[in-house]
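Comments concern the structure below.
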C-alpha cells in the first residue's frame, strides 16, 4: 500500500537541497536514489563552508591572530558537535580523517601494527565494504596474521552461530559494518560488540552507512572504534571521522608524520602530540570539518530517530513495489531488518544497462559491485543495481523508479 | 537513451555473432573493467602473413561492452595485426554509432583494450587509450 | 624606497577576496600576512565548490548516472589542469591527497617501504618542514636506514659544497624543500636534482611554498616527486597533490587500502587499480579537487611569473623597512634569493607577544617554530614571528606591519 | 590589547619574582607548549604536613606564559598539595586578570599544567584541564 506521508516534512527538507530541483535533461527532473554512494548537501552546509572562507579562514592551532583563533574555535567546535552526535565521552575521541577508508586504514596501521602478529586472527564478515577488508589484507600480508569471515546467508544476514564459533578462535580484533551498503542489513552492533568483548577482542565498527541513517551511540553499542564519512551524511567531501576510545587512542603510535602531530622535533627524532592531534598530521580539512559540523546540526534538528523512521517507510514501500516487477530479484532481508537500500538484478539486463536506462528517465541509481565484490561473489553475481534513499526522497520517487524498471523490461525483457 | 540502446546494439548484445573461444589460438588476452566487474576475453588466429583469419570473444558484461566486443571482433577478421594496432577509440565509437559519457566509454573500450593487449602487451596500450 | 606599484593589479585582485574587507575589531581592518600558513580563497574557488554541490554533486568513477558522470568529469578535469599547471607529462602523474604532509608520507610508505633498508641513506636538509622530516624519521626507525642533512648557513642558504659531499654517500633518496617556509630561501631545484640524479638518487621536492608563489615545472626541475597543498595556493582545505613520474608510480605498492584503489577483491586478496587511482583509496575530496582546479585557473590567468615578480617587490620593500626597526633581526638571504616570507625576532619580546600586539592593530602574522623546529634550533632560537605575502597584499600593508612593530617596542623595548 | 598586556603582566614578565631552581626539591616537573616551543619547569619544596614552603619556576616563553608562571608559583607558597590539586583554569585567569583566546589560553595554562603534573602525574590532569 502506498503511504501518503512519512514522519518527515520532506517538501520542506527538499527546499534546502537546490540540486534536487535540477533536470537531468530538458523536462526530466532528477530523482536522486544514490545516497548510499554519497548524499547531497543542504545549503546550510554550503553556507557554513562559504562563511568560513569569507570571514574566518586561517590555518589553525599554531596561530595567535584573530582569524587563526576563530578558525581554531570553529574547527574544534565541529569536533565537539560530532562527538556529541555519536555519544562520545570527549571530543578528544574524534580524529578527523578524509573518509571511512582512511579511518579504517588508520586503525590498521597504528593499533594493528603494534597489536597484531603471526598466529593472530582478525575476524571480519563477508559483507564488508572493500574499505574494511583491503586494509586488513594488506596488513595481514605484512604481519602474517589470519583473516576469518563471518558468513552471510542468502537473506544477507550474518550467521550469528558461526559468529559465536569464530569468536572461539580468539580474534584480537573484530571488524564489521553496522549497515551493509549492498543489502542494507543492519547488524546487531551492541550484541556483537558484547560478544566480541567477552571473547577479548577489540571492536571496530564501520559506520559509513549507519551514522548517516539512524541513531548511533558509541557508548550504547560499546564500539572501540567507529569510522564514518562526512559526504554520506550531508557533509562535504574530504572529511570523515574516526571515533576511538581514549585509552586506545593514547596507547597507539602515530599514523602519518608531519606538522601538528608532534610536540618536539629535532634532526634526531620527535615526540608526539596529545590525542587526537597525534593522528592529524599537516593542515587538516578545516572548512570541511566546519561543514560537517553544520551537517550534524541539520541532522540533529530533524532527529536521527525520525530519519530512520522515514527511511523505514520508504524501504518498505520500495520493496513492495520492486516485488511487483516480474523477474526482478532483490537482495537483503525484510525491511524492518535493514536500512533504505535496495540492490537488485534483472534477468537479461546488466546492472549497468539498468542504471543507464533509469538515468534516461532521471532516476539516479548505482550499478556495479558497490565496493563489496566478495559479497557479490557469495551471491554469485558480478554486480547489482542499487537504489538508496535519504531524508529528501519522496514516496512517489519510488514510483518513478518502478516506471523506469518497466522501461528496462521493454528493452531487455 | 534511444540513441544509446539503438536496435543494433541490443541485437548484438542479445544475439552475438562472434561469441566463443578458439582453441588453439595464436593470440589471446583477457581483462576486466574494474568499475563494474565486467570480464572479457578475445582469441585470435592469424595466418603466416599476420592477417587475422578467425576471432572470437567471451565474457560477461553490459550491453555496451558486449555489443562493442561483438562488433569489434567481427570487424577485425581479415585485418592484419598491424592494422589492429592502428585502431583507435574513434573506430570503436563509429562501429557503435553512439555517444558515451566517461564511465560507459570504459565499457565500450574494454574490447579494444583487450584486443590490443593481446596483440602488443599491456604496457604500451594503456598510454594510447587515454 | 617605497614602490608605488607592482606588476599586479592588486586592487582588482582584492575584489575576489571578500575576507580582506573584514575588520578584525571595530575600525581595525585586516592586514593578512599569513599566507605561508594558508592563503585566502577567491570567490571563484568558493563558487566552483558551491556550483559543484548545487548542480553536479555525486560520487565518482563507479556511477553511470548523469550526476556521477558530470562529477567524474569535473574531478578528472581538475586533475588535468593541475597536471598542466606544473608541467606534468600526463594527468596520471597527479595523485590527489589531503595536503603536502600526506603526499610525502605516501612516498615514504610506498616508494620508501620497498626501496629503503638498513645501510641506506636518505638525504634531507636542515631547513625542512616537519612534513618532510618526521615521515622519514618514522620510516628510518622501522627500516634502519640513516638520515643525513645538508647544513644551512647563517643566511639560511644550503651549503652546496656539503651537498655535493653528502651525495658522495650515495643516498637513495634526496628530499628538499623548494622554498623554505621560514627564511623564504628558494633552493636551486634544477641544479640540485641534476646533481642528485647524477649520484643515482630519486628526488622528492617539497613544493608547498614554491608551487603557490612561482613558476614550477616538474620537467624543467626534473623532480621525481613534487608535493604541494591546495590551501596554500588559493584552493580549499582538504586537498593537495602528489606529482610522481609515471614509471615510479607504477612500480610503487599501494598506500591505503579500500574502494577505488582496487581492480578485483576476494576474501583472499586483491589486485590494484591503475595509477593514479591505485593511490586514491575511498571517496576522495571531490568538491575540493574541483575547487583546486578553479584556484589553478585563477593563478594561471594572473601568470605565475607575475605572481613571483609582485612578491619580489613586496619582500624587497618589507626587508628594507624591517631593517629600520632597531634591534629586529630578520632570518634569511637577500630578497632576490627568496620568496615573500620574512621571519624575525625582536630582543625582549617573545614572538607570540609580537604576533599578539600586531593582531591588535589588525596585522595577522604567525609566531612559533613554523613546523621547522630543527631550523630554529640551528639558529639557536625557539621561535620567530613570520610575515608572509601573496598576490592580494598591498605595498602599504608593509607599512602597517612596521607601525605595529613600533608598538611592540613601546611595550617590550 | 591594553587588556592583554596590562602593566602587571609586563611587570611580572620583565621582573619575575619567583624565577630560579630549587636543588634539592621535593617535586619538580617540566613541560613544553608545542605550539610555540615554550618551556617551563617548576620546583617545589614541601614540609611534613604537605604544605609548600618554597617554589620556583624556570623556562622561557611569552609574556603570558611567564607572567602566569610567576603569579601562580607565587600564589602556591603556603598552600597544601591538596589545595594545589583543586586549582582550576579560572584561578589562573583570575590571577592574570585578562581574557584569552584558545591559543593564548594554552600559554597561560602551561604553568598550571606543569604544577599539577609535578604534584600528581601527567595522565590525571590532562582530562581536568580541557
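As written, the chains take the letters A, B, C and D, and residue 1 is the first residue of each chain.
Everything below uses one rule, namely that a residue touches a chain if its C-beta (ideal position, glycine included) is under 8 Å from a C-beta of that chain, and two chains touch if they have at least 3 such contacts.
Not measured: the values here are computed from a predicted model.
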item: Which of A-B and A-D has more C-beta contact pairs; value: A-B
item: Centre distance in Å when subunit B and subunit D are each reduced to the mean of their C-alpha atoms; value: 75
item: Distance from subunit C to subunit B - Cα centre to Cα centre, in angstrom; value: 45
item: Gap in Å, rounded to a whole number, between the CA centres of subunit B and subunit A; value: 37
item: Overlap residues in subunit D, where contacts from two or more other chains coincide; value: 35-37, 104
item: Of all residues in subunit C, the ones touching two or more other chains; value: 62-64, 66, 68, 262, 264, 352, 356, 359, 367-368, 373
item: Chain contact topology (line, ring, star, complete or other); value: other
item: Pairs of chains, among all present, that meet the touch criterion; value: A-B, A-C, A-D, B-C, C-D
item: For the subunit A and subunit C complex, residues of the former touching the latter; value: 18-19, 22, 24-25, 30, 32, 34, 37-38, 40-41, 45-46, 49-50, 53-59, 62-68, 98-102, 104-105, 108, 126, 129-131, 133-138, 141, 147, 149, 229, 231, 236-239, 254, 256-262, 264-267, 269-270, 281-288, 352, 355-356, 358-359, 363-368, 370-371, 373-374, 377
item: Contact set on subunit B toward subunit A in their complex; value: 1, 4-5, 10, 14, 35-39, 60-64, 104, 107
item: Subunit C - residues contacting subunit D, complex; value: 348-353, 356-357, 359-360, 367-369, 373, 376, 382-383, 411-412
item: Subunit B contact footprint on subunit C (complex, rising order); value: 61-64, 66, 68-69, 72-73, 76, 90, 92, 262-264, 273-274
item: Residue ranges of subunit B in contact with subunit C within the complex; value: 32, 34-37, 101-104, 126, 130
